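Presented sequentially are two complexes of subunit A, the first with subunit B as partner and the second with subunit C.
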Partner chain A sequence: MDTKELYHTASLARLELDEKEAEKLSREVSQMLEYFNHMLELDVSNLEPTTHALMKNNRLRRDVVAEQTVDPDEMLENAPDLEDRFVLIPNVL
Partner chain B sequence: MNKELELWKGVLSDGTKKSKLEKYIKGWEEKIGSFLEIDLNRGAYDSNESGALAGIPFGVKDNIAVKGFKLTCGSKMLQTLVSPYSATVVSRLQQAGAQVIGKTNLDEFGMGSSTDNSALQQTNNPWDTERVAGGSSGGSAACVAAGLVPFALGTDTGGSVRQPASFCGIYGLKPTYGAASRYGLTAYASSLETPGILARTVATTKDVFDIIKGEDERDQSSLSYEAEGGQVKTIGYLKIEEGALNADVEASYKSSIKRLEDLEYTLVEVELPTMDYVVPAYYTIAMAEASANLARFNGIRYGYAPFMAENPNELMKKSRHEGFGDEVKLRILLGTYVLRSGFQDQFYVRSQKIRTAIRNDFEKLFTKVDSLVMPIFPTAAFHHGSSDLDSFQQKVADKYTCVANLAGLPALTIPSSVENGLPVGVQLMAPYFGEDRLFEIAVKAEEKYPAPQPEDFDLEWLS
Partner chain C sequence: MSNKYETFIGLEIHIHLEANTKMFCGCKAQYGDEPNTNICPVCMGYPGVLPMVNEKAMELGYKVARALNCKLSKNTFFERKNYFYPDMPKNYQISQFEEPVGVDGWMDFDTPEGTKKIRIHDVHLEEDAGKMIHAGDMSLCDYNRAGYPLLEIVTEPDIKTPEDTELFLRNFQRMVRYMGVSDGNMDEGSMKCDANISINLVGKGLGTKVELKNMNSPRFVRKGLSYEEERQADMLDQGKALTQETRLWNENRDQTEVMRTKEEAEDYRYFPEPDLPIFRPDQTFFDLVESGLVELPLTRKHRMMEEYKLSADQAEYIHDDLYLADYFEEAVKLGGDSVQLFAWLSSDVKKLLNRENLSLQDSPLTASWLTELLELISSEAISGKIAKKVLDFVFSDKKSPKTIVEEKGMSQVSDPAVLTAAVDKVMAANPDVVEAIKGGDNKQRGFLMGQLMKETGGKAAPVPLQKILAEKLG
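Up next is the complex of A and B:
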């Protein structure tokens, strides 16, 4: 994978890369992609894709409030920045 | 309840035994570093004191939520996160009386085969501290092998319970996909991973499995457990190409096959035609799912936040740049790439079709044999660093374990032999919900060949 592609993919994944990292990762990414290309040797024309090994039908539940197991205030305690009960982020505009 | 758990019962409610346990743990932890966080008291309140397993300690891999304990996933990203809830598998054990005493080390987010990818701590193998305990559930395997707890929970996405169990000389169960709830597991590759059990005896592995298994309304993919019975008569053993395994592992594999014959099973050689394509397919799927699952870590609601960021986009980028380790970044990048428009058919869809092919292979196989025996990893525990196996070679070496995840089948590591001072295991596999078949074979093998113990393993103080 060339550097331009690497940086574009990184940006899609919201990853910042420094130069040293980009060099190392580009080598490793290319090695893996080359390895992935082995899959092209196999004829898969008659096969359907499997998304989950075992999956029963979609499971439905009643549209009611579920038992609350997590205290929202306890969850908020893990936020890096809070104002009252709001999570703070830098200015959007 | 089995004899081993009977022995451990009440240890945490008996002051004398508890302080002996504390001392024993301290002695070992200086050498192996299996726990990231340990507290013999904190979990007491959440465990049912009249349960059958009351006062029995257990360890939990640090990508599984336990209320009141940290949930670091071995990452700088979540180094300070305290879990506000518990995973279903943990709650079920707590209801049965067992008590969490700590969170065990792992490769960051479960990505690795050595636990060396943990951003927080190094874990050493109890058999040789110069070597890794395996991974990604390396901490759970090491603490069980050293006798610090009778069992620990891990997760298995491509072999992460079975490989460290093999490296440390213990049992490691990867249940059928859906047999045990994933609620409370930090998602890495959702269609492949499952919670698993690490223990020193088959009986404890089975007793713990009986407690954690079954449908959970909080996990859409969990299934009600209906055991696939059936007596085991014929066991298939996978044909291995010459040179694919290290000499030690090959010798161990051969002696396992011989032992199963001695137990009067009929052994037949089998092949899995799709085997050569499983690792690329496995990594394509695992990385694609990882890139989506790890998108939630952005430094906003929880997790690592950078000191300064001008806008939300910069906040996310900096958080992920500074919070994630190299292996995690590599997998997110590859996963994002294979899911990009234009590349999906070449990689992701193709890998899912190969997944169908491997399932078909197994389906055919299980019409001829009742169970399978296979190697786990081409080597025994390797040295820290990448001098023995670099990170690419470690990935290629997932070949024998990741097939069970692609197909969703149950698999159990059983200790086989000790070669040149290091334990080596083999894995047994069975059809969906065929865990009983695995236990049946493993119990018979255990009678003659119980789990080996590392030097300094000493549970005299328990009795």
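Up next is the complex of A and C:
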């Protein structure tokens, strides 16, 4: 994978790479992509893609309000900062 | 806009589904509550949690897709749409992409030029994002809305004018209200509409697409699009190139403003949501969807025109609101004359409702009472003028029109003896006028009739009264 593509992929995943890391990763990712290329050689045109394995179909939930198992206040304690009950973060507009 | 150019408009409409809980967890689907109270580890994106699809949302999604004549999916599934923005704690939105609940549909709507058809690209289920308030150098996040069940309807760029877009949206809004799947209120955010618009020289096909956001009523959608249509035509006239961008409608300035330019195509890297199994509806589910279908507004409007001899405008008015449409049909069944019913509902009743700040639903005037009122007029028990007073009393006293007429002695007087006495009295009191009329001044007859109505408290039946007056005047 060329570095330009790698940096793009990294930025999509919000990852910061220095040059050394990029060089190392570029090699490793290329290797991984090669494995995928091997798989792509197989003819699967008549197969339905397996998006989900070992899962029962049609697992739906009734539209009934569930009891709160975790106290929202407790979750809010994990927030970096709060104002009234809002989660407070640097402006992102 | 000059007819050099052709306009292409496509819509992305989001509606909040009428459900008790969120799309993938059992949190209350309710916002306006204290911030961050209706949240749980699932909608807050905690690691290791397992989302589960709300069956009501699934059912409503299929219903809308069905009403929009879509091909319904036999194996629908969810995908992760990846993006980084703090309105979604998971860093992805669970949505649908490859296999939405419905594709390739269409919807008809009425315009002054006749019924038009708009193709529907797809209908898919997803979750709403949280609400953010931006204040100074900080942003505030409330996740009560994160995970709210949302249905997105994407049209093909088939709409040709901003005016048609407004009409289409109003038709769509009415449809979801008729179906009870959403309240469709754009000003409250339970329905949102982004519009894509491009213009091009006639015959050249789609132009450079601009996406418009932030319009919170069908009227603003029209205004935003009209502004954009003009702006783009001016650019092209000046030989400038248009940029693919997202613009916001600024309702205070009546203009659109750049929000962001799309330099590179958004890369959401959709992939199947591994935690949610494929949904393969069985016949029972499809039967449930079918059985829940209602007569859609446009069909009803056309039937009402046919069945009750209403004009297009009259039927438009009556069918606009589901409650009004049901009310009207109930009154017709009870024997009310359709044209009279329309006349009263669209004028006097409406005026009273506005004055009292009531909806028809909350008013004391039931369909059977309105029919009763019309009967009192047609049987000549009261005049149309008195009927308006009776209507007032129905609202204030909350009693039936018949009771009010009896209690207040508002019946029309047609007893010849009483009417003759009144005529004699008024003629005696106005000898000059009587002389003038006898001398040929017919204009003065109106004055006498006025005096007679005054004398009888407006209750004299006009036809016999006029007859007696004519006889007396010779």
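Things to note:
Operating definition for what follows: the second predicted complex is superposed on the first by the 88 of 93 C-alpha atoms of A that agree within 3 Å, B and C clash if a C-alpha of one lies under 4 Å from a C-alpha of the other, contacts with A are read in each partner's own complex, and residues count from 1 in each chain.
Assume contacts are C-beta pairs under 8 Å (C-beta built on N, C-alpha and C of every residue); 3 or more make two chains touch, one makes a residue touch a chain.
Note that the structure is a prediction, hence the values are computed from the model and not measured.
In the superposition on chain A, contact is made by A:57 with subunit C only, not with subunit B. With both structures placed on the common chain, the touch criterion links A:86 to subunit C but leaves subunit B unconnected. When the shared chain is aligned, subunit B comes close enough to touch A:6, but subunit C does not. Shared-chain residue A:68: touches subunit C; no touch with subunit B. Contacts of A:24 after superposition: subunit B is touched, whereas subunit C is not reached. With both structures placed on the common chain, the touch criterion links A:38 to subunit B but leaves subunit C unconnected. Here subunit B and subunit C are compared by how many residues of subunit A each touches, and B touches more. Applying the stated touch rule to the two superposed structures, the overlap between the subunit B and subunit C interfaces on subunit A comprises residues 12, 14, 51-52, 55-56, 58-59, 61, 69-70, 75, 87, 89-92. Of all the residues in subunit C, the ones that touch subunit A in their complex are 19-21, 25-28, 34-41, 44, 46, 52-58, 77, 82, 84-86, 132-143, 267, 269, 272, 274, 276-282.
Against subunit C, in their complex, subunit A makes its touches with residues 12, 14, 51-52, 55-70, 72, 75-76, 83-93.
Those residues of subunit B whose C-beta lies close enough to touch subunit A in the complex are 80-82, 84-85, 176-178, 191-192, 217, 220-221, 223, 274, 276-277, 279-281, 283-284, 291, 295, 298-305, 309-318, 320-321, 324, 326, 329-330, 332-338, 340, 346-347, 349-357, 359, 391-392, 395-396, 405-409, 432.
The part of subunit A that touches subunit B in the complex is made up of residues 1, 5-6, 9-10, 12-18, 21, 24-25, 28-29, 31-33, 35-42, 44, 47-56, 58-59, 61, 69-71, 74-75, 77-81, 87, 89-92.
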